[in-house]
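Have a look at this one.
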Amino acid sequence: MMLRVSNLDAGYGNLQVLRNITFEVNSGELVSILGTNGAGKTTLLRTLSGLISTTNGQIEFNGKHIQKMQPENIVKEGLIQVPEGRMLFTEMTIRENLELGAYSSAARKNMKKNIEYCFKLFPILKERENQMAGSFSGGQQQMLAIGRALMAQPKILLLDEPSTGLSPLLTKQVFDIIKEIKQQGVTVLLVEQNAHQALSMSDRGYVIENGEIVMSGTAESLLQDNKLRESYLGLAN
Amino acid sequence: MELLKIKGLTKRFAGLVAVNNVNLTLNKGEIVGLVGPNGAGKTTLFHSVCGFHTPEEGSVKYNGKEIIGNKPEHICKEGIARTFQIVQPFGNLTVLENVIVGAFNREKSYKEAERLALENLDLIGISSLAYSRMKDLTFPNQKKVEVARALATSPEVLFLDEVMSGLNPSEVNEFIELIKNIRDSGISIFFIEHLMSAVMALSDRLAVMHLGEKIADGDPQEVMKIPTVVEAYLGEEVS
Amino acid sequence: MLTLILQSLVDGILMGGIYGLVAIGLTLIFGVMKIINFAQGALLMLGMYISYWSFSLLGLNPYLSIPLSAISLFFIGAIIQKTILSKMLNAPEHNQLLVTLGIMLVIENLALILWSPDFRSVKLEGFIQTFNIGEVGVNVPKLIAFIAAIVLSIGLFLFLKKTMLGKAIRATSINRNGAMLSGINTNRINYIAFGLGASLAAIAGSLITPFFYTSPTVGATFILKGFVVVVLGGLGNFIGAIIGGLIIGISEALGGAFLPGSLKELMTYIIFVIVLMAKPNGLFGGKAR
Amino acid sequence: TGEAQSGDENIVKIGALHPLSGALANEGQEMRDAARLAVEEINEAGGIESLGGAKVELIEADHEGAPEKGMSEIQRLDREKVVGVIGAYSSGVTLPATQEAERAGIPFVVDIATVEEVTKRGFKYTFRVQPPASTMAANFLDYFNVLNEMSDSPLETVVLVHEDSVFGTSIASLIEKGAADHGIEVLDNIPHAATTADLSSTINKINRLKPDAVIATTYLRDGTLLVNGLNQSNFQPKAIIGVANGAFSNTSFINDETEINQYIMDVNYSINPQSNLAIEVSKRYEDQFNKHMGPNAAYSYTATKVLIDAVERAGSTDRAKIQKALSETNLTEHILPQDSIIFDESGQNANAQAVLNQIINGETKVIYPDEYKNADAVLPTK
Amino acid sequence: MRKFPILISLALLIFTFFPLIVKDQYYMHIAILILYYALVSQAWNILSGYSGQFSFGHAAFFGTGAYTSSILFTKLGVSPWIGLFAGALIAALIGLFIGYLSFRFKLRGVFFSLGTLAFAEILRIIIQNFDIFNKTLGVLIPYKPDPLMFQFSSRTTYYYIILLFAFAVTVLVYYISRSKLGYNLVAIRENEDAAQSLGVNTYKNKMIAIAISASLTAIGGTFYAQYMLFIEPATTFSNDVSINILLPAIIGGAGTVLGPIVGSLIIIPIGELTTTLFGNFVGANLMAYGVILILVMLYLPEGIVGWFQNKFGKEKNAKKKKDNSINGGEDVGTFKN
């Protein structure tokens, strides 16, 4: 087991968003988290990365309890996130953004190699390596955010709606890249609105609503679920 | 009737031609979609028409009047309202206050502005968020507020930049209905979106940009069959 | 007349170097970390006192006490960051201003209590104060400070641009959450950055000690110009700080030579305003978002 | 408002209002120390006789150089029921503070505040010990001529350098006005901010104008910058003469800057070196506070003594009576280089005057007028 | 904020009766200072708290007010009552000039802040170098109580005048905060691009804000000059003045109607309190003041009023939220049965 979350509560100040969340991700799996707008998916990922402190419950990653760890140490453990809103260093160049992705000492060793890898995945990053990240188009910024996360050599990669703002072509590419990353042995936790596509490449999925996990199962079973088809996949039966 | 006519519009950034000699029209009552690969120049085109960038060349006629060179606020006053791809919230204000700012575009009294704002929040279906602080909202909700805010300025034309990204498919379906209703209330719409289902469902007409140039413009079904479009934007075939 | 102009130019350049020197630490804290640090002058004052006391108690030449003052202030700066400023990273920007104002009041008055308001000076025996090039005199302590300013600014420029630590400092100030998610210990980075800013203030202080009286309120003399120079050069731009300093120094010197009354001071601000009109982000500032 | 003040019959409170913190703290604290000394002396000598040996208590107040602070401190002192106040060094604070004291009916003996207007407002409760700007300027012009008579290398041209607050400006402009009548040619009158970090442009101007003498009204820091800069530049004037100069009379300057301060002159209020009392007091001051008793301290000391003398003569803590006693002051036993201290109608110490000092071998000496001098002038030569 | 009219009337009532109860001149002086700082800080609040253009140089406007009325009075015998308006007018013009240079050329953030500071310095230097302004000698206003000449023998009169000013300005700000202008200003503060996209003429609104702010600050300047009867350029145009002007608003809560008054009510007495408590130990009082500043900002980052609004506003909002959802506001929860 790579990641096990049990009875997790978290939120912002007085506002509790996550209630009693329990789930797990096995090594090498690709797990999707679905949920309506404002359900708490982003909050969950932020909590996993240590940006939000838990009020209750446990997060176990590779056998270590990480719920009290600082974000940077969680990164060192290999839990990497492509955050919602991208959180790029807008007044720094593309290249610098990528370099900073490899800040931890382990990743720094392979920086050159990994940059080349990112450049191969997203050629636009190479073309514009000296442009300021802030002047990138929305989709270009999304590519950079994914690239920066890959620079950290994740053991588990958390992706918060990675296809947001990407063209259909790129969306496909990004999903292909996710598959490829998985192939390489990286575990992936994926939050996506494009539920159909996400589930179709996932092993398992969880549905979160109002901060609670209300449903879980294998990808196939979820794809077949009637309620889910209606309210998430937009497919009336 | 031609409401908005973009002619030969070109916008450059230090060596990069982000928008290259683009011609486009928006007719009254129409919904026009704009798609294209990331970095094609769609947002830049919006910025240029709405006065946030000064294009190097070209003209934009609104109701027959040249609006290039006008400040964004004048363009809003003229009747073009917009949302932003990268949300631009008034973070420390409540949702209602955000929309009231928009409502004050035409209203003078606070009472009227508040009424108009509440009305629009209701229309977009986010009245329950009225008293939340804008910066505490999720991105998709912030985008909804931006739509309400833009509508509150009582525009004739609405520019929407990827307002549906981050919504799940069911929510997208609701939003599609919403946009149709807005059009039916007499507002013409020009929107950028990457969600093909929404694009196809909404567009009366569809334009495609690639590397700054407009490479197609016409009936959505037809446009989506053009090989260059397929290649540049969709990759392989249409689903 | 020519001598006067030349002499004014030399004086202006040297004084400009001093302004630049003061501005370097400020542009790190103010320009890169985005903290309007009113306490910078007080930190400079502490640097001066460290050099003064090392001199009067240990007989240490102020130039030799630079490492001592730099290291001490690094820790003081890091402590200020850790205990106070780190707690207000999410507060509105102007709050930091009041907090640093509070810090300034505390430091200055602590100095007043500990060391009395007496003016203290360091007299270097057998130290050549000036030398002449032709008819133009060059002040040696100021020349040393000037050279130090240039070396420091280039060093810091390279540090921020080329090293991972430097990049991490910039990244943290741009997007703290993003930096955390990249594995950067942002708290540590902030201690280092503020500590560094404070130790730069101390270095400036130590370099000023040989030609300027030390007293609890001495910081005020330099800090206002320091802010002006930082903004003139563009926030966070070290080379800009030196050039900004030179512009102010030279214009003051020439203004002083040819304008009546205290109108020379007007030069500083008028140039400042004109530069900002032409370049709203300072001479070497990037584009606004 | 004029009624008996102290709660405790045996304590008479007087206030001392000075800039104890902020940029002028050095001067302010030096003056407060002098007031402390004066009070101590009185109490050691048995307190105020006419009040049955009542002890004097000094209430110290800090105005930080801020006018409104000065005003509120006067009110605070009023509530403390002081019988009178001394202060306040900065002219900008002294003006509103004395006005406030006038309103409240508190006798205010100004120790230092140069600006003329302090005693020009028809106030009943304001008295000033220090010679005002006009006296300083007049004394300077007279002494300058005397100096020239003594010397075989007369000084003809001068450049005036002054700090640009009301203190330096008022003195310098009065000198400039009177210069022609005294046969002095003023080549330039150069102001600077007291807090300046750099005086090189002033020095360059002096270098170009090459005056016989530089006349300076400055504070410590800028004064030192000036002398240092002149010393290092290629031109040396025959004389540097201060007028009420805050540097040339300051311990730090006199003791620490021996390389450059030799023979600098200063027209300043100071103690009378011919008076044994003055020597004793300044010795005690030096022992107690570990610094030289400069003119500021001398005047605060005197102001305190003047106020207490008035209380003694009034035999009451009634402020109105003390005011009356103050106006009748005729103090002969004092440490200043002047005749007895008496106040004219406006409240100005009528006999106040400056003397001509010179720093000789790291010590400041009075060199003129003859009745006060304790050293012979080292005259400018060419 | 609907409670504002009640709150303000109550405060006005208390302030009106204050002199009848408290006769002590010291307390009266402190009360005057409180109201005076409430006035100028409120003026600053309009430009900097509401529209977010953080001015570091309000001493420029303060000094303009003080100097205009004082020079007119001492040189031409013009009543300071007239000088008050003249000062306000000139300050507004100077404000517009500064605004033109800053806003037309898009000075933002700290660039604007230091720009305003530079203007305050420029004015100081100009005053110091020209004879009509008495150069550095300052202006001494002869002490001759005469209500027509804005000079009173009784401190109470000064008190009521500044009370009137401070409350009038607060009420004005209350109305602005609920008006189109207020919303425009806040929108500019929060996000200029978004504001523009909604038809807010950012330039015009900023110009209006700086003109109002400058003229009200100048009124404070005239009052100050008439109260102190002496002004000099070094202190009148100093940074300290600018900082003292912005302090109450930030402590109380920038961008709130009551912030400046509340801030002033707290910060001025604290200054006096630390002096009284630590006054005998010079420096300790200012250290204590500094520590208090730090603590207030650490624990009440949005100022006192901001803190209250958050604390009590939240509950109110939560209630409203519920009401709304009951009234058919769409709710989530498709899954939980």
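Letters A, B, C, D and E name the chains as they come in the text, with residue numbers starting at 1 for each one.
Criterion: a residue touches a chain if its C-beta (ideal position, glycine included) is under 8 Å from a C-beta of that chain, and two chains touch if they have at least 3 such contacts.
Values in this document were obtained by computation on a predicted structure and should not be read as measured data.
The leading chain pair by number of C-beta pairs in contact is C-E.
Put simply, the chain farthest from subunit B by mean CA position is D.
Averaged C-alpha coordinates give centres for subunit A and subunit E that are 48 Å from one another. Annotation: 74 Å between the Cα-based centres of subunit B and subunit D. One simple way to say how far apart two chains are is to compare their mean CA positions; for subunit D and subunit E this gives 38 Å. Residue positions of subunit C with contacts to 2 or more other chains are 109, 112, 261-262, 265.
Of all residues in subunit D, those touching 2 or more other chains are 21, 25, 29, 164, 191, listed in ascending order. Residue numbers of subunit E whose C-beta contacts span two or more other chains: 128, 282-283, 286. Listing the residues of subunit D that touch subunit E in their complex gives 20-21, 25, 29, 60-62, 64-68, 71-73, 75-76, 78-79, 91-92, 95-96, 99, 102-104, 115, 117, 121, 123, 164-166, 168-170, 191.
Within the complex, the subunit B residues that touch subunit E are 50-52, 71-74, 76-77, 81-82, 84, 88-94, 97, 100-102, 104-105, 107-108, 110, 113, 125, 127-128, 130-132, 149-150, 152-153.
Interface of subunit E with subunit D (complex): residues 24-26, 29-30, 33, 128, 135-138, 140, 142-143, 155, 224, 228-230, 232, 234-235, 240, 272, 275-276, 279-280, 282-283, 285-286. Within the complex formed with subunit D, the residues of subunit C that make contact are 1, 4, 7-8, 11-12, 15, 18, 109, 112, 116-121, 123, 129-130, 132, 135, 137, 139, 211-213, 215-217, 220-222, 225, 252-253, 255-257, 261-262, 264-265. Residues of subunit C that touch subunit A in their complex: 164, 167-168, 170-171, 174-175, 177-187, 286, 289.
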